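Paired with chain B in one complex and with chain C in the other, chain A is shared by the two complexes that follow.
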Partner chain A sequence: MKLFTFKRGGVHPPENKSLSEHKPVKSPELPNRIAINLNQHLGKPARPLVKKKQEIFVGERIGEADGFISAHVHSSVAGIVTKVEPAMTAVGILADTVFIDVDKEKTAEELAAFYQQTPADFTQMTTQELVEKIKDCGIVGMGGATFPANVKLSPPPDKKIDTILINGAECEPYLTADHQLMLEQPDALLNGLMIIQQILGVQNTWIGIETNKPDAIQLLQQKTDTGRFPGIQIAPLKTKYPQGGEKQLIAAVTGREVPSGKLPFEVGCLVQNTGTAVAVYEAVCLNKPLIDRIVTITGFVNSPGNYRLPVGATFRQVIDDCAGGFRDESRVKTVINGGPMMGKNVRNLDVAVMKGTSGILVLSDTEFHYEDEGPCIRCGRCVDGCPMGLMPTKLAIGAEYNRPEDLDTVMDCIECGTCSYVCPTRRQLVHWIRLGKPIFRNASGS
Partner chain B sequence: MNNIVVSSSPHLRTTDNLKRVMYDVVIALLPAAVISAVFFGPHALMLMIIAVATAVLTEALCLKIAGKSNIRQTALDGSAVVAGLLLAFNLPPTAPWWTAVIGSLVAIAIAKHTFGGLGYNLFNPALVGRVFLLISFPVQMTYWTLPTFWQTDAVAAATPLGALKTDGLEAAQAFTTQGNFLGTIPGCLGEVSAVALLVGAAYLLIRKVITWEIPVCFIGTLAVFTGIFYLVDPGKYADPLFHIVSGGVMLGALFMATDMVTSPLTRKGQIIFGIGCGLITGIIRLFGGYPEGVAFAILLMNAAVPLIDRHTEVKKFGV
Partner chain C sequence: MNIILVTSISLGTIALIAGLVLFVASKKFAVLENPLIDEVEEMLPGANCGGCGLAGCRAFAEAIVNNKDTSLNCPAADKDTMNDIAEKLGLQISGGARMVARVNCQGGHNSIREGDYLGIKTCAAAVVSNNVTLVCPHGCMGYGDCQRACPFDAIRIINDIAVIDENKCVGCRVCVKTCPRSLIEMTPYDTRVYVACNSPDKGPQVKKYCSVGCIGCKLCDKACEFDAIAYKPFLAAVKPDNCTECLECVRKCPAKTILFRGDDAMAVKPAASDRAETVNV
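And then the complex of A and B:
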């Protein structure tokens, strides 16, 4: 088996995936109340379309995309709007939020209806119709960056896409949501890819999957071997973080390096996440907006696993109702929206599941230690580990001492966290680099 | 649930830490320390203990003056222990006890803490201590004895490199390469056995505390440089093998030049650094006034590290 990988840097942290690996996706009982944020995507937050006391149905558009890079937001439940006001989100910023009292019976009925219809035949649709459906359904990148999918699928006409890459690497430790999605919905995934191929007029798609998911590789290989999905191939990836990074995945599979400061279409590539491909299929063929997603709830909880959660369910609800609550609440140190390397930890448990929430990770005092940073001892491990070929310690010191001249490469940092992970003196390298970005931007006037 | 931590990602860190790195170096130095004590006896053991104790106490004192917290923890993070032990390794076996005190004091207080403490020093602390002693107390610092088992009464002797410098090639050839390698030749505490140092260095390589670039380039360059002269005139110049197993080359190349704080960040920089160390060592040994040049070579190259770093940045992705 040919193994693909990116060449430069990287690290292999303990995977800790066994906690939730191979646990079938379960749908929890609906919560009584739900809080849907209107900034579920990269770009401008959506404008609220509903008012207090308004009755709404499942999949109703409650937020209108505001501008080109923005996305619609839909209700994941049927019920009554109780209020629309700013609330703290899982990514740590305030955003307009629609609070809904859930009508459980109606919700279940309307949700089921999506899957009871005969899927529409996408091969009969035009490119414009397909992109329009994806836009209408509020599909965004589900790997975490939440870039509006319709925008990504409409590259500038002068940029010819020849390769589509699907990120099934799931290189973040602990997370198993994409793995389980590949095992349980391979046909939806592959049909979603056929739709994306049709939109772009390309028949060359690679699904990158790390070798720690051999069953997913085998299953998708069998499916593509049937010849029903022309152009789609499987790329087994070496298990190494950050194999699923957009630029790393492109380099691993195609050998092309996206130029500094440029987007993947510069090298003829387009990258989507496996979850996004399934959402594209459901939008186009079932008319189902992005209102739920598979989330791995794992770590220091009683029953870690993979759950299909409605967008808007609060962390507290899903940790208690799905994952059986914390193993010992007094020992919980942090709760993370996403994986441990790039996820953000939340301020409280009232924040809600978003379109980009791939995992809810609870870490106890045994795994999570907040340590004060020491001085750089110039061991060079961050330099060796950086997948972008940067000198993290130099950038961090440049930010710490406010020296824009040392920050010339800071904008290339993808904030994967490898440098901070390997640092023996616990330097907050990624944090300093984040602070360095505005310093550099202001100084260079861009 | 009001006390959950909000911090910057990543939220997991490697289990390797500063203490582990530093004590790995201590572990790697132990074989040489044991052999040194076996050959040079109780006095050598005492010098090592005094040097380490002085280094740790000086570190604590400097941290206190600097107003740092966690003094006990920081002083015992291992970096001062390493500096003290390496300083002792650079002393002759009969050096008076106070040379260990002064050397460690200079190493920690002047070479390390005037620059800001751990991570900020430009020069290798132990080598600054050694050079300070060598210049200030040349007599005590160049009195050598023959290593014997658990030595209690010392027999004066010359080092191979000293003999080469003052008495010529024939005198130096009285020492066998094998003796140099195993540790039966006069020299500093830590220089006595190349094999013990190599065992320690292998451990550091496996633990990924050091990388191969500096030692290989240092030793390789010295061998090539001295080899050229040996080929030109074998009657006048010692062979390259003699040069790499005698004196402080092994100790310097494996443990002093590889000090991460005072060596270049990138692999490319480390190669340049190693080559520079080897070349300067060779020049001093063959043409300089001192028989040994390792310490000076490393210190000179330490001074060049900021410059090397600037010109050896790694090539970033996508250019």
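And then the complex of A and C:
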């Protein structure tokens, strides 16, 4: 079997996926109250469309896209709006949030209705219709960056896309949501890809899957071998972090390098997450907006696993109701929204699951390790590890001492966390580099 | 003997020629500069803080000597120094009222904090990480970027909040530019009443995260007889021109957000005893 991989740098942190691997996706009982944030996508937050005491149904649009790079937000439950006010979100900023009292019976009924209908035939639809549907359903990239999918699927007319890449690498340690999704919904995934192919008029799709998921590779290989899904191929990827990074995936599969400061369509590629492809299928064929997603709840909880969570359920609810609560609350050190490498710890557990929440990771005092940062000893491990070929040590020092002239390559950093992971003196390199970005922007802008 | 003679004569000749070249060059390429510039620069505080809006003290001296620009004012120099400079140059320098920086926040331990922040201990880094433990999205985080930036050592972090010693503050604006939350504002030294809050949020929202934040109740506006309260929605501000320091608003403010700073109220204690109080970040 030919293995694809990117050339520069990369690390292989302990995977720890066995906690939740192969646990079938479960749908938890609905919470009594949910809080849906209106900034669940990259770009401008959506404008609220509902008012206090308004009765709403499952999939009703409660936030309208405000501007070109923005996305609609839909209600994941039926019930009554109790209030619309700013609240803290899982990404750490205040945003308008719609609080809804859930009508459980009605919600269950309306949710089931989505799956009972016969899927619409997407081959009869025009490109315009398909993109419009994806936009109406508020589909965003579900890998974590949450870029609105309809914008990505309408590249500028002068850029010809010839390769579609699907990221099933799931290179973050602990997370298994995409893996389980590929195992449980392969047909939805492949049909979603057919829709994306039809929109772009391309017959060349690669699904990149790391070799630590052999069953997923085998299953999708069998499906594509039947010939029902022309143009779709499987690319087994070497297990290495960050194999699922957009630029790394392009380099691994096509050998092309995205120029500095440019987007993937410059080299004729388009990268989507597996979750996005399934969401596209459900939006187009079942008219189901993006109102739930598969989330891995793992780490120091009683029953780690993969769960289909409604957007807007709070972290505390899902940890208590789905994952059986913390194993020992007094030993919990941090709760992370996302994976351990790129995720971000949440300030309190009242924040809600968002469209980009791929995992909820609870770390105990044995797994969580913090040391104060030491000085750079110039060992160069971060330089060896950087998948973008940057010099994190130089960039970090440039940010620390406010020297924009040292920060010329800072905008190429994808913030994957490899440098912070390998640093022997525990320097918080990614954080410094993140701080360096505004410094560089201000210096070059004025 | 011969060698010493040859060496000294040849080196002497080279030195003479080089000296001549330098002499000619210094006469030919001499830059004529007003000697007053040096003298004025000598009189300035020499902090190179940039508070005047120019690149440093030298630039200020050049500008004031060459352009006779009377609108220029060195915020770091006291009145006497500026008068001396004006006298030397035969100018009338208006100067204007003395301005000092004030922190529009007194949150600190009055404000609610949540979670852990283990990132880099600077305000700018905390803001970039979106992971500030301070719940108030407008308040002082207290990691001390302004303290480190202040060229006059006028800022201390006391109880997680930046406190400015107004007697030391010269109004150079370095902290104003440094604060990532734009909390620090230049206000006239003589107007000692100000609203120490920066949150434009509505009252109930403010109440959730801070006990001393402005809730926008308008009581100060009603109490003031001199129309000295500018009321932006949900955040009051004092109009320095109208304020008579009657302190009616200070008494009426239910959250004790409006502060009156007497001459020594903000004075920071001596460094040694201060260290224990300062939360070292």
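To be clear about the criterion, the second predicted complex is superposed on the first by the 445 of 446 C-alpha atoms of A that agree within 3 Å, B and C clash if a C-alpha of one lies under 4 Å from a C-alpha of the other, contacts with A are read in each partner's own complex, and residues count from 1 in each chain.
Following the convention adopted for this analysis, a residue touches a chain if its C-beta (ideal position, glycine included) is under 8 Å from a C-beta of that chain, and two chains touch if they have at least 3 such contacts.
Everything numeric here is computed off the predicted structure, so don't read it as measured data.
K.L.:
So in the superposed three-chain picture, is A:Leu94 touching just chain B, just chain C, both, or none of them (first/second/both/neither)?
P.N.:
second
K.L.:
Considering only touches as defined above, state whether A:Lys344 meets chain B (first), chain C (second), both or neither.
P.N.:
both
K.L.:
With the two complexes superposed on chain A, say which partner A:Ile69 touches: chain B (first), chain C (second), both, or neither.
P.N.:
It touches nothing on chain B or chain C.
K.L.:
Chain A residues in contact: does chain B have more, or chain C?
P.N.:
B
K.L.:
Between chain B and chain C, whom does A:Thr334 touch in the aligned arrangement: first, second, both, or neither?
P.N.:
It touches chain B and chain C both.
K.L.:
Looking at A:Lys262, would you say it contacts chain B, chain C, both, or neither? Reply first, second, both or neither.
P.N.:
A:Lys262 contacts chain B only, not chain C.
K.L.:
In the overlay, answer first, second, both or neither for which of chain B and chain C A:Tyr370 touches.
P.N.:
both
K.L.:
Look at A:Pro438 in the shared chain and tell me whether it touches chain B only, chain C only, both, or neither; answer first, second, both or neither.
P.N.:
second
K.L.:
For A:Ala113, decide between first (touching chain B), second (touching chain C), both and neither.
P.N.:
neither
K.L.:
Go through the superposed model and pick first if A:Gly389 touches only chain B, second if only chain C, both, or neither.
P.N.:
Touch status of A:Gly389: first partner only.
K.L.:
After overlaying the two complexes on chain A, where does the chain B footprint on chain A coincide with the chain C footprint?
P.N.:
The answer is residues 92, 334, 344-348, 370, 428, 431, 434 of chain A.
K.L.:
Given the complex with chain A, which residues does chain C contribute to the contact?
P.N.:
Within the complex, chain C touches chain A at residues 114-116, 118-120, 122, 124-125, 128-133, 135, 137, 201, 205.
K.L.:
Residue numbers of chain A touching chain B in their complex, please.
P.N.:
The touching residues are 8, 13, 92, 173, 247, 251, 257-262, 329, 332-336, 340-349, 361, 363, 367-371, 374-381, 383-384, 386-391, 393-394, 409, 412, 415, 417, 420-426, 428, 430-431, 434.
K.L.:
Sort out for me which residues of chain B touch chain A in the complex.
P.N.:
For chain B paired with chain A, touching residues are 1, 4-14, 16-18, 20-21, 79, 116-120, 208-209, 211, 260-263, 265-267, 313-319.
K.L.:
Mind listing the chain A positions that touch chain C in their complex?
P.N.:
85-86, 88, 91-94, 334, 344-348, 370, 373, 428, 431-432, 434-435, 437-438
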